[in-house]
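Supplied in structure tokens, the structure appears directly below.
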Amino acid sequence: MTALLILFLTAIAVLFVGLKYRSLLQPLALIGTLLALGATGYDLFGPGFGWGAEYASMFRFMPFADAFSGVAILATALIIGLSGWGFRNLNSTLGDHYALILFSLCGALIMFSYTNLTMLFLGIEILSIPLYVLAGSRRDDPAGNEAALKYFLMGAFATGILLFGMTLVYGATSSFDLASISRAIGNGDQMPSMLKVGILLMIMGLSFKVSAVPFHFWAPDVYQGSPNLVTAFMATVVKTAGFAAFYRLFAIAFPGAEGFWSVPVAIIAALTMTVANATALFQKDFKRMMAYSSISHAGYLLLAVLAIGTEGADRALLFYTLTYSLATICAFGAYIAVAEQSGDGSFSAFNGLSTKQPLLAAVLALSMLSLAGIPPLAGFFGKYFLFTAAFAKYPWLIVLAVINSAISIYYYFKIIIAMYFTRLSAEDSAEADAPNGIVLPAGVRWAVMLGLLLIALLTLAPGSVYGLI
Amino acid sequence: MSLILLFSLGFIIEKAVLIIALFALTLGVAAYSTYGERKIAAFFQDRLGPSNAGPWGLLQPLADGVKMFTKEDFVPNQSERWLYILAPGAFIFVALMASAVIPWGTTLTLGGLNWNLQVTDVNIGILYVVGLASLGVYGIMLGGWASNNKFSLYGAIRASSQMISYELAMGLSIIAIVMLSGSLSLKTIVDQQAGMWNVVYQPLGFILFLTCALAECNRAPFDMAECETELIGGYHTEYSAMKLGFFLFAEYINMFISCTVISCLYFGGYHFPGLDPNWLGGLMGPIILLSKSFFFIFVFMWIRWTLPRFRYDQLMHLGWKSLIPLAIVNMMLTGAGILFFGK
Amino acid sequence: MLESIRSIPIDYYVYLSTVLFVIGVFGVLIRRNAIVVLMCIELMLNAVNLLLAAFSTYLSDAQGQIMVFFIMVVAAAEAAVGLGILVMIYRNTKSTDISLLDNLKN
Amino acid sequence: MVLPIFLTLAAISILTALLMVLSKNPVHSVLYLILTFFAIAGQYILLNAQFLAVVHIIVYAGAIMVLFLFVLMLLNLSKETEPQKSAMWKLSGGIAAGMLLVTLVGALRGGIEVTIPENASGKVGLVENLGMVLFTDFVVPFEIAGILFLAAMVGAVLVGKRDLQV
Amino acid sequence: MQLTQRSKNVVKKEMTFLERIYLPAIAKGMWTTLKHFFRKSNTVSYPKEQREFAPVYRGWHVLKRDEQGRENCTACGLCAVACPAEAITMEAAERERGEEHLYREEKYAAVYEINMLRCIFCGLCEEACPKEAIFLTDRIVPSDYARQYFVFGKDMLVEGVEPDKRVDVTVRQKHITEKNTQPA
Amino acid sequence: MSLIFILIPFIASAILLLLRPAGLSRHLALVASLANLVATAYCLTCDYSQGMNCTFSVPWVASAGISFSLGMDGITLIMLVLTNLLAPLIVLSSWGKAFENEPRYYGLLLMMLGALNGVFLAQDGLLFYVFYELALIPIYFICAIWGGQDRIRITLKFFIYTFVGSLFMLVALLWVYLQTNVNGQHSFAWADLVAVPLSPEAANWVLLGFFLAFAVKMPVFPLHTWQPDTYVTAPTGGTMLLSGIMLKMGTYGVIRWMIPLAPEAMHTLNPIFISLAVFGILYASIIAVKQSDIKRLVAYSSIAHVGLIAAGILAWNKAGVQGGIIQMLNHGINVVGLFFIVDMLERRLGTRSLADMGGIAKSAPKFAALFMIIVLGSVAVPLTNGFPGEFLLLNGVWNYNFWLGVLAGLTIIFGAVYMLRAYGLVVFGEARPETANFEDVNPREFLVLGIIAGLVIVFGFFPQSILGLTEMSVDRILGAVQL
């Protein structure tokens, strides 16, 4: 709650400061997010500010919400850390960019804490609308335009479907309050078909938002077309928010109806991992590969939703989103540094990076390994916790997930192979020595180092986060 | 209360008579506003104005009407024919609708019958007016677009963006009034001003509303949509005959309604200190209100013939950077006032 | 009076909304002009609004209508942003045809 | 009395919605959609939600659709420039939508249950009532909507603004 | 650079708050227009009423005849020479036998045209005329639709023979005489 | 104490990878591996008769019942000996070569070392799995960066094979984990996992999952296809690590984890497993006989030997398990020696083809002698280190099933055939121009080969020293897990 306020005020401050002092923007946004992070930490670990309980009918920052807020804010802080380099070409609109990112983050925070469908809806929209714009913020780039339009149309369409579902649920349960809905559903043995259709439509709508197969087709284009940092934001914060909201909805409002919705969700999860992984194998462009990777991670994350009712499902979700976010941001940090300097986003741009920029290569390699879920990296623990949580209910799905994570190695390793094992030809090596080779900007260095440090921390002590909620 | 369910025959007759009377009144006022406009403009410019048709030129509107009807009715070749024809109708229709919720007086006793002088007292009257004002732009936009003339299109685009922009400030200044009165019903708002007019509490709100009303009516100094010097005739460049007449008429109707609404919101409607609106069998109320309206019509014209036209960017700056913040400040001040002093 | 409102079965409203909603979906599927697609989405939202208002009245519960307001808020915001994006694209491509935007598919 | 009105409005709204989807000229689409909105506003009045009806008109017909029309006119889109999907595509779209409709209606048929409370009153749609709920229970989303608007505004400006060279 | 003594140095100074809100200025403007509202109108409803002319008003020219109805003009051309706008053209002709009742002298103007669109009504023609043949009158030149109708020939200029068609130019004549007799 | 085995290599590896001290890297690596060796020596003095010793346990993810617990008994100890004894040799073996990115190579090597130690020490299921997979990453990089032709494709194949295999182990592990219940919480501790009673059907699946992981690693036919290519492609150090130590992760896992976790299913599946192992022995041996590439030959010999180890262990009697443990150590020593020799040949002759060699005995007698000793050890001649292990293993398999024992016994004959054939082709025969002036071992190589040859002989003479170390532990584990 305090964090939400801080973020909102920071966003407004950024808007005003951006009119004049552009060099102050990044520090200001960073300070704001860090303050918010501190406030979240204070709520989570310390005695907490202890206010906002009177709004509990709308949203409530319990440990669940605080912990996820921490993840999202941390991810945003890292992205802002990268932004000094990533946004270097922006001039007059720099302040707007920061403000929009912060606004979007506010939406994410609401999605972590809502107790009422109204808030869910508003949260989704606050999260999405700035992103529609950010996706197209490079105004004369056709790819960015396309991304923005696609994202926008798909987002709006999904909103429509989600709302129709919400309405039917409202009609059947006569409330938007999650707890009341849950009470009205009871143990789910007498659900009117209106309620069922409503739940199904909500699943569809949310699947669109979290880009689960078969509602994923927009995601690769959007990821690829958007500016790199925005893509990083979409792949991390948006995903985290989407799944936390998904989880909250089904854990609080629809646990009684689990018998009804778990099969469709399981099918979606299975499809998502399989299709996304299979498609990712054939990608040649890093960002597009990351898009499919992100979709496949959505498939794994759906396991958390399926595991609702099992001890530790929420913790697994938290841990997974955190590790996934950190690794993704590190990867994007490295990608931004490489792709924007070489002007090429395909895998071949990374050829021989280990000799040109050993640190960058190491960061990227480790994040790829973490994403692939190779032990003992943090990503493995994320997968592990998720699989454990869902294992009891859906063993077959876990087997599928395990096979899929094996497949995923293939495409994650493409990058590693390019960086480490592809020897540079003679002229390439000459180019690598040339002064215009790839440099590592300070902001990117610090951000990815911090991300790496956190991954290492999670690797060594996964319990520190897993035990939070 | 579902409106439709209250229909009974007597009710329908009463309302029908009232509506017809109101239409007649509105059209009459609009017609004579054109006369008034010319006359007043003339006076401001030390001229005489129309004086040949009838005594003091009083029959001029009739002559104009005859002229309008007898002119060649012209539809441009490449236009969207049906929309071109529809647009003026839509415009005047919307303009006429607004008078329904205006409380013209209390109750008129005529021929032993009591006539309620408001067509309908919906509890959201003022929103109804705002809603209609927001619809008014369609006539202009369609007319401008259907003409297939670039000047018309410019006029239409100007009109629409201008109206949307100024609606906000207008709505915000109305909200301050609503906060004072605690009701959206125009009748309630008017009745609460029996003692003291709202303009006393809301001077800033009044100025804002007046400005916005000028803009909403496309009146100078905000007549970008039809400014002759830039756009020939704006959205009605291609119109002729009675279709043009509809447009012009509707503008005057809008002005009349705006003035009536201003009177109701800020100047006590049918109340006047020392005058009981129930005098003359209830006829005093309408007289008072109409007098106020005429005064404001005069003010509108006065402003038109005094101030130069804004440039388009100035118009937008004024709307977004001055009026809206001011309206918000006004709203906040009102809220603070209510908080500290009670109603 | 409540009875007279409820003389229409709630089913009718559900079906009406569903039909309108599906027409919106249909439009999204078959139209290529992004503006029209956006309009179809607005129609979908309106179908939802109608149903919410109907439920709200039948349940005597104001929440539904409150939700309608929020949907309107969002629809307005979306329309503003969406049209902004469209205009931006039009500046670059001189078209609002969504099937021209397939360049990212490789 | 009520049912015919309902049916008339429903027919109008469906008809105009279809015309909106099918008409070739986008400006006509806008106009048909406005008509649909009016029919829906009529339904609101029928449901005794007058405040909703008026706000609906103000927001949708008065603001959003004006914006659409504005953009259409600004971009000068008309029947000639309107892109058309192939007939095959349209047909399949129609079939898909039809199937969706059949599925939804089929799924909903017989399963529409609304629990009507005992102390029901027809006054939920009145502005006093709505105001009370909005500013007590729903005051948080109301204020949160402010963030939404601010974000949308900043976004729209960002998209619309041309680059100034600094 | 100071070009004249009357030129004013314009300074674009920051406006004060009061100036920036414009309301006082608007009020001032409104007051100004309001004053005009109550001012008496200057309009003369021309066809119905005519405003008074100055005694020395210079209007439509007339070519005078003498008491016997003979044209005074001898087509000497001095008026055309004097005309600064070069509005006057003429063709001279010799009087034939039997035309003595028409022309006062042996030579007369067969064609005499004044282009009213060029004429600036300065009156130099009448001052130049040695025969007191041309005068400017207080008649207003009528309006017309086409340019060609503004080249007035003798039909428009020469006064009628009948006494009621004579144009009275006595005031004008006196004025000219006074002017011409004044010592230079 | 146990933590040291992991900490030293990891810290050294971190220093090497992050700081990249170019000149000092091999020295640092040597020092670190020697330090480990010293620690191992110290551990040899501890008492393992009472079960686990030198335990170390801290909660890792307390809320999920995962702890970072290490411990060692006799079996572990032998594995540590194997690892830490070979590690300095491996470092030494690549001492003189010029590498690009030397610090990185040694860093990865040490990381591998730490992970291997971790695998053998882990007493927690997840920890075991983590180390098991962690060992994969450095070897993958070593092979793929410094490897030979077509290394990228081959190493990726290797990686995916092993990773996929171990994922099945993870699933099986998870399944068992979810059945545990210690004070209302799941636990990953070895004891808790073993204590879970599984239904027969579940046990089958669990066993199969583990077997897939270990079978890929060992490798057992038909999951061996990654192995020869990888061995051939990998740099010598990598091949040594792979064949000498990493394979033993699989066999060790069978003893420590697979069979104790699901002994119920052994009756059903064991015949299949052992048959596969034995078939693998024969298959690999036959192919090895026909190899002309010496590195490939050694690789196939390795498959055969490990197949025998697997068969013996799977037989799950004292002789088999004991033999397996000894043979893990000894095979490690032998195969490292063999690969070192192959490397020497390849470096000096520029070829691995047996057809291009011969007549080295004359120019390099010391080399020929040391080579001979190692070959003898590999062929399991009595009084070399190969003998007691193979004998016990065959005994174990024999006890399980006579015919299988006979078939497995063929490995000795085949082994003698292909190893001696190779030796003959390399060392004797006509000297070629290239081999005529074959440089004899230099002091460093002599040191390495000498140590290995010494070990071959020492362990051949005193197998009891090892058997004594493990006996108690083997008894305990056999006693705890009755088939």
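Letters A, B, C, D, E and F mark the chains in the order given here, with residues in each chain numbered from 1 onward.
Convention: contacts are C-beta pairs under 8 Å (C-beta built on N, C-alpha and C of every residue); 3 or more make two chains touch, one makes a residue touch a chain.
Because the structure is predicted, anything quoted here is derived from the model rather than measured.
The minimum number of touch steps separating chain A from chain B is 2. At the far end from chain C, in terms of centres built from Cα atoms, lies E.
When every pair of chains is scored by its C-beta contact pairs, the maximum goes to C-D.
Rounded to whole angstrom units, the spacing between the C-alpha centres of chain D and chain E is 72.
Inter-chain centre distance (chain A to chain F, centres taken as mean C-alpha positions): 41 Å.
If you average the Cα atoms of chain C and of chain D, the two centres end up 5 Å apart.
Each chain gets one centre point, the mean of its Cα atoms, and the points for chain B and chain D are 28 Å apart.
For chain D, the set of residues that touch two or more other chains comprises 1-2, 46, 48, 51, 55, 63, 67, 74, 104, 108, 112, 114-115, 117, 122, 137-138, 141, 145, 148, 151-152, 155-156, 159.
Looking at chain C, one finds that residues 1, 4-5, 10, 14, 21, 24, 38, 55, 59, 61, 63, 66, 70, 74, 77-78, 81, 84-86, 88 touch two or more other chains. The set of chain B residues touching two or more other chains comprises 1-2, 5. Touching chain B in their complex are the following residues of chain D: 1-2, 5, 27, 31, 34, 45-46, 48, 50-51, 54-55, 57-58, 61-63, 66-67, 69-70, 73-74, 76, 122, 126-127.
Residues 23, 26, 29-30, 32-34, 36-37, 39-43, 45 of chain E are the ones touching chain B in the complex.
Across the interface of their complex, chain A is touched by residues 10, 14, 17, 21, 24, 28, 34, 37-38, 41, 44-45, 47-48, 51-52, 55, 59, 61, 63-64, 66-67, 70-71, 74, 77-78, 81-82, 84-86, 88-89, 91-93, 98, 101, 103-106 of chain C. The touching residues of chain F, counted against chain A in their complex, run 17, 59-64, 66, 126, 129-134, 136-137, 141, 144-145, 151-152, 156, 159-160, 163-164, 167-168, 170-171, 174-175, 177-178, 186.
By the touch criterion given at the top, residues 1-3, 6, 10, 13-14, 17-18, 20-21, 26, 29-30, 33, 36-37, 40, 43-44, 46-49, 51-52, 55-56, 59-60, 63-64, 67-68, 71-72, 74-75, 77, 81-85, 89-90, 93-94, 96-97, 100-101, 104-105, 108, 112, 114-117, 119-122, 124-125, 129-130, 132-134, 137-138, 141, 145, 148-149, 151-153, 155-156, 159-160 of chain D touch chain C in their complex.
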